[in-house]
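Input: structures, listed below.
You will see two complexes here that share subunit A, one where it goes with subunit B and one where it goes with subunit C.
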Partner chain A sequence: MSRYIMSRVLQAVLVLVGATLVIFVITFALPGDPVQALAGERAADPAFAEAIRARYHLDEPLLQQYGRFLLGVLHGDLGQTYSGQDVAQMLGERIWVSAQLAAFALAFQIVIGVGAGVLSALRRNGVADTGVRIFTLAGLSIPFFVTAFVLQLVVGVKFGWLPVAGTEDGFLSYVMPGFVLGSLSTAYVARLTRGQLTESLREDYVRMATAKGLTRVRVVAHHALRNSLIPVVTFLGLEVGALLSGAVITESIFNLPGMGQAMARAVYLGERTTVVGVVTVFVLVYVVANLLVDLLYAVLDPRIRYA
Partner chain B sequence: MSGTTRKGNAMASEHLLEVHDLQVEFGGDDGPVPVLRGVSWHVDRGETLAILGESGSGKSMTAQAIMGILEIPPARIGGGSVRWNGRDLLGLPEAARREVRGQGIGMVFQDSLSALNPVLRVGPQIGETLRTRLGLSRGEARDRTVELMRQVRIPDAEQRYRQYPHQFSGGMRQRAVIAMALALSPDVLIADEPTTALDATVQVQILRLLQTLQRESGMGLVLITHDFGAAASIADRVAVMYAGRVVETGMVRDIFRRPAHPYTKALLDAVPRADRRAGRLAALPGQPPALGKESTGCPFRFRCPLAETVCEEREPALSEHAQGRWSACHLGKDVIAGVLTAHP
Partner chain C sequence: MFLHIRGMVAVGLTSVLLASVASCGGSEAGKKTGAFSAAILEPSSLMPANYSEVYGAQVVSALFTPLVTFDIKTNETRLEVAESIESTDNKVWKVRLKSGWTFHNGEPVTSRSFVDAWNFAANKKSAQLNAYVFGEIKGYREVASGAEETMSGLRVVGDLEFEITLVRPWSQFRQLLGYPAFSPLPSAAYKDPKAFEQRPIGNGPFLMEGAWQHDQQITLRRNDSYAGTKAKAGEVRFKIYQSFDTAYNDLLANNLDVLPAVPTARITEAKSLLGDRFGESPSGRMEYLGFPVNSEKFKSPGVRRAISMAIDREAITKAIFRGTRTPATGFVPPVVPGAAPNACGALCVHDAAAAKAAFDAAGGIPGNGFTIGYNSDAPENKEWVEAAARQISKDLGVNVETRAYPKLAVLLGDLSSGKVDTAFRTAWTFYFPSPENYLKPLFTQDAGENFSRYRNDEFEALLRDGAAAKDTEAADAKYAEAERVLLDDMPYVPLWYQGVMAGHSKRVSDVSVDSFRRLRIESVVVD
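Let's look at the complex of A and B:
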């Protein structure tokens, strides 16, 4: 087991190096000169431009810049923005906003997605099943930024039940954006759960559990569901990555000061350091989530644990 | 557990478990397809009944209908009754049927690997109903489960208790499934092809185990099998099924000596025997009729060496051709007399 974990961690390091290198090259290749962008409409003063280039090492070859960045990461230093802000510190403040948003989205997916999937599988072809299937189809078909605007308008502005944007209302501020961010995959989770559980219910060990005189609730909860949820857990683990990239748009729509919003602004401004910094954190989260899914697998399925 | 006194002696002819004229059909695209077309048999306390037949003859379907674990729909009970100690189970509400499962009638599944939940430890699976049904504490259930595991001859029961199904061998898994079915000491145990997936030597062990357990507890045992040898070694009576019906039933020794249905005869001839000269094994030509093909005559006539015009005209009912010799064949008497000698 420890050897398994070791090899997984090693893989994670390689992924981290590879992904940051790619993003480094891409941002380097982006059109536009960041120094010029800082100066605005007029041509930048050559002396000023020279000073900025030297300060941010923009005059060095790409690989050297990358090496400098990697060394910094090892010390927890993600560099500075062009306005002199420390990127690591800024992201440290913003990561909690993104984490809360992702947690809400994930909670919606688990509670509503798995719940609807179970209901659907148990009442196959019934009213509840048809309802769930229609809603999941809608969830999968409607782009989530459309859902976002509709909810803002109806729930936020018209009825005033939930805040429209911002984080002033604490906990409540995250309900609507969390739902919007999670909505797409909630539909998928519901369908996945329905399919898996329907299959499990036909398994011999589930029929055997019925034949030995257990109640329906016990048969479903104890025997069928546990096996059905293994693929769902895998999906949710990988979903953490999708939630981060979805956050770039959701945080912008709902004006949440998270990492996604920082990323969107940085791309717009050609803020390389911030873009690379955010991607580094995203990759790290993604890699850790994957690692956790692999370990959780072993917990859920003893055949993997003892193999 | 005394099933005989459960309903007094008012109904003297009452059997422990009696299936009568059971009909099951499957919903298909072109209307319902009959799978069981009036199955009747019974088993008494302390008795072993073997149900013989090819795959698709409806053996397992009968067992599932008795347990109430058919998937409905697409399956549907078309008629008939399943009486356990005189109570018709088919009309009972689900909660009452659940009470009968495990405690009244236990079932052992064919494939022990798929019958055990792969993600749960074997011991707790076996003892699960001791806690949910009998309300035993964790410790009590554990002790009783280990005892059950010893009873089905699982060695090192205490260590095995904590293991997972994939750590068990095929034979051990089947023992675990048997222990699971016996946890609540049922009156009747239905074993659906319990030895099919096992090695020959292990098959014998499992059959012996079932026989021993049946004798110790005095329960009724229904052994579903396609293996004549298995039936012969432990059964008292046999019911042979073909195309969703029982075509012959009687004491095992009678049937082996002189079958009363050409199908039984053909099955017997297909059994390899040590006392016969080596040569080609007799095989029954053709296949069972496709389900849902309604026809008026005997469903076996296409493969029957004796078929006459009467066999095309109407399907024979199960009738007594000699003392205790029941078969669904127009020519049953001739078959018993040995007129049929198609396979020298």
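Let's look at the complex of A and C:
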């Protein structure tokens, strides 16, 4: 087991170096001079441009800048944004926001998605099933930013049930954005669970369990559902990464200072160090999530063992 | 793309919700008495000489007070920390400070506080974005290049007295001193500038309550030992948004007190929803259509003037900008003291027949067509540039195309390096209220922002006369003359002046926005 984890960590290091190098090179291809982006609406003063280039080593060759970045990472230093903020510190504050948002989205996906899927599979072609299928179709086909604006105006502005935006109201702030962010995948998870569970319910071992006289609840929960969840867990595992990194629009609509927003701004401003710093965190999240998913397989399916 | 969809969705939805929203209540916006909240975007910096946009200026001018400030209505220069600013030759300026001014930490404001701050900002090592504003002070070049630490043109005479020597006479220098980069800094600023920026200590009407919470908020408390006119509100919380669309929704839900710029797409709705809580103010920002005057296509001033007359400013400002812009009547907006009224006259008024006649008389344009470059990262640019292109095409019988640059930084970069050979969209905001600030930085041959590569020696001689003028009236007369030369040559076509549309909650009153698009937070009254 520990050998398995070790080899996975080594892989992760390789992935990290590869991914950051690729992203680093790509940032050079971003249109526009980052120094000009700093200057806003005016043309950057040449003396200022020179001073900034020197301060952030922008005048060095690409590989030298990358080497400088790697050396910094080894010292736990992700560099600075061009406006002088410490990237590691900034990400430390933001990842907490993103994590809460992702946790709410994931919770909605698990509770509503898996719940609706199970309900649907057990009452196939009944009223509940039809209802779930209609809602999932809507969930899959309405762009999530439309859901976001509608909810913000109706639930936030008109009725005032939930905060419109910002993070001032603690956990309540994340309910609406979490729901919006999770809505698309909730529908997907419901459909996936329904399909898998329907199949499992037809398996011999389920009939066997029922024949043994186990209760319906035990048959479904311990035998059928557990085996149906492997694809769902795989999906949700990858989703954790996507939720943390892909929430740019949700974060912007609900004014949440998370990772996605930091990324979007850094790309816009051409801030190489910030972009790469954020990507480093994303890669780490993906690697850890994948590892956890693989380990979860063993829990869910006793046939899977990691030597 | 996304922004457009967002605008459409928002407009569509609110028309449905309009009636019901108007009557909705919601939670109280502020908890403390005398406290209110105002929306801003994340400032680029809180150092007086380092911000690039209006939100940095907003916070900096609440924290710092320079030697002079400007009247909110007339933009006339008023002495603030300065007791007097005098010069006999426009070149050597003697400044005397009022006594009794202190920084938020109790340190007295002396002539050193100014001189050291300016030397710090001009220094290459400090890498301050707006250091160029010190450019006319003697010795700036040496400090900016890192060869010297102090500008030779700055001399401390006494605790409350110092002297500034300029490279050449400049009658408008007193106005320039109101630019926030000329604010004083306490000695704490130089010990650790990075930490200072997170929680600046100034001499302004408000002081920092805690540190700058990036992308979340900046809270300021009234400075009760302020030596100027004290602020009315006890506390202001700047809520930092990523877009004012969200801030506008927060205002409707009563979670925000002041929104200094209502998004253009929501203007019509805001007027009816907010009623007298919606206010319009003019600003010093204006937009232009510029030409590379040395290019084969645009070298004829007659052609440039014809294009000016072919643009229907009235229609575009109404239909696309929904009244947030007003048609330009010259190169200097009316908010600037000394601006010549309606200097442009018929040249800035749409007249298809006159435009066509002038165009033909000037011999037309080679290839019978041209392109307008613009940056597509500002929401309305695409719309108005395309509308203007259609109007010019129709009136002049030419083929005008448009070319989108993905970001302003890309367009500005190309303009600075002279790579743009098409017509282009550009804008300018003054940094001190003088007609000269709309002429010299844009149209003199060695100006960094002279994107059209315009050069006219008569124009520059008039500017020099203005700089040497003995009084304001004489200077303004020279600048008006220079503006006429410019209008005749038309290297840029002046298009419109930008207005600011602010909205506020029922909890506050006396909300006003100045010509620099800054909310005057010190005058806001919390009911």
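Please note the rule applied: the second predicted complex is superposed on the first by the 299 of 307 C-alpha atoms of A that agree within 3 Å, B and C clash if a C-alpha of one lies under 4 Å from a C-alpha of the other, contacts with A are read in each partner's own complex, and residues count from 1 in each chain.
Methods note: a residue touches a chain if its C-beta (ideal position, glycine included) is under 8 Å from a C-beta of that chain, and two chains touch if they have at least 3 such contacts.
Keep in mind that what you see is a predicted model, and the values were worked out from it rather than measured.
Room for both subunit B and subunit C is found when the two structures are superposed via subunit A, with no clash between them.
Contacts of A:209 after superposition: subunit B is touched, whereas subunit C is not reached.
Within the superposed three-chain model, A:218 lies in touch with subunit B and out of touch with subunit C [touch as defined at top].
When the two complexes are overlaid on their common chain A, residue A:227 makes contact with subunit B while staying clear of subunit C.
Comparing subunit B with subunit C, the partner in contact with more residues of subunit A is C.
Look at A:302: by the touch rule set out above, it reaches subunit B but stays clear of subunit C.
In the superposed model, A:158 makes contact with subunit C only, not with subunit B. Of the two partner chains, neither subunit B nor subunit C is touched by A:76.
For the three-chain arrangement built by superposition, the Cα-centre angle with subunit A at its corner and subunit B and subunit C at its ends equals 160°, in steps of 10. The least CA distance from subunit B to subunit C in the superposed model is 46 Å. Within subunit A, not a single residue is touched by subunit B in the first complex and by subunit C in the second.
Residues 64, 67, 69, 71, 94, 98-103, 106-107, 109, 111, 114-120, 128-129, 132-133, 164, 166-167, 177, 180-181, 183-184 of subunit B are the ones touching subunit A in the complex. In the complex of the two chains, the subunit A residues touching subunit B come out as 202-216, 218, 222-223, 226-227, 300-303, 306. Within the complex formed with subunit C, the residues of subunit A that make contact are 31-34, 36-48, 50-52, 55, 83-85, 90, 93, 145-146, 149-150, 152-154, 156-160, 163-167, 249, 251-255, 257, 261, 268, 270.
Subunit C contributes residues 2, 5-6, 9-10, 13-14, 17, 20-21, 24-27, 44-45, 52-53, 124-129, 131-132, 144-145, 194, 197, 214-216, 239-243, 246-247, 249-250, 252-255, 377, 406-410, 412-413, 415-416, 427, 429, 448-449, 451 to its touches with subunit A in the complex.
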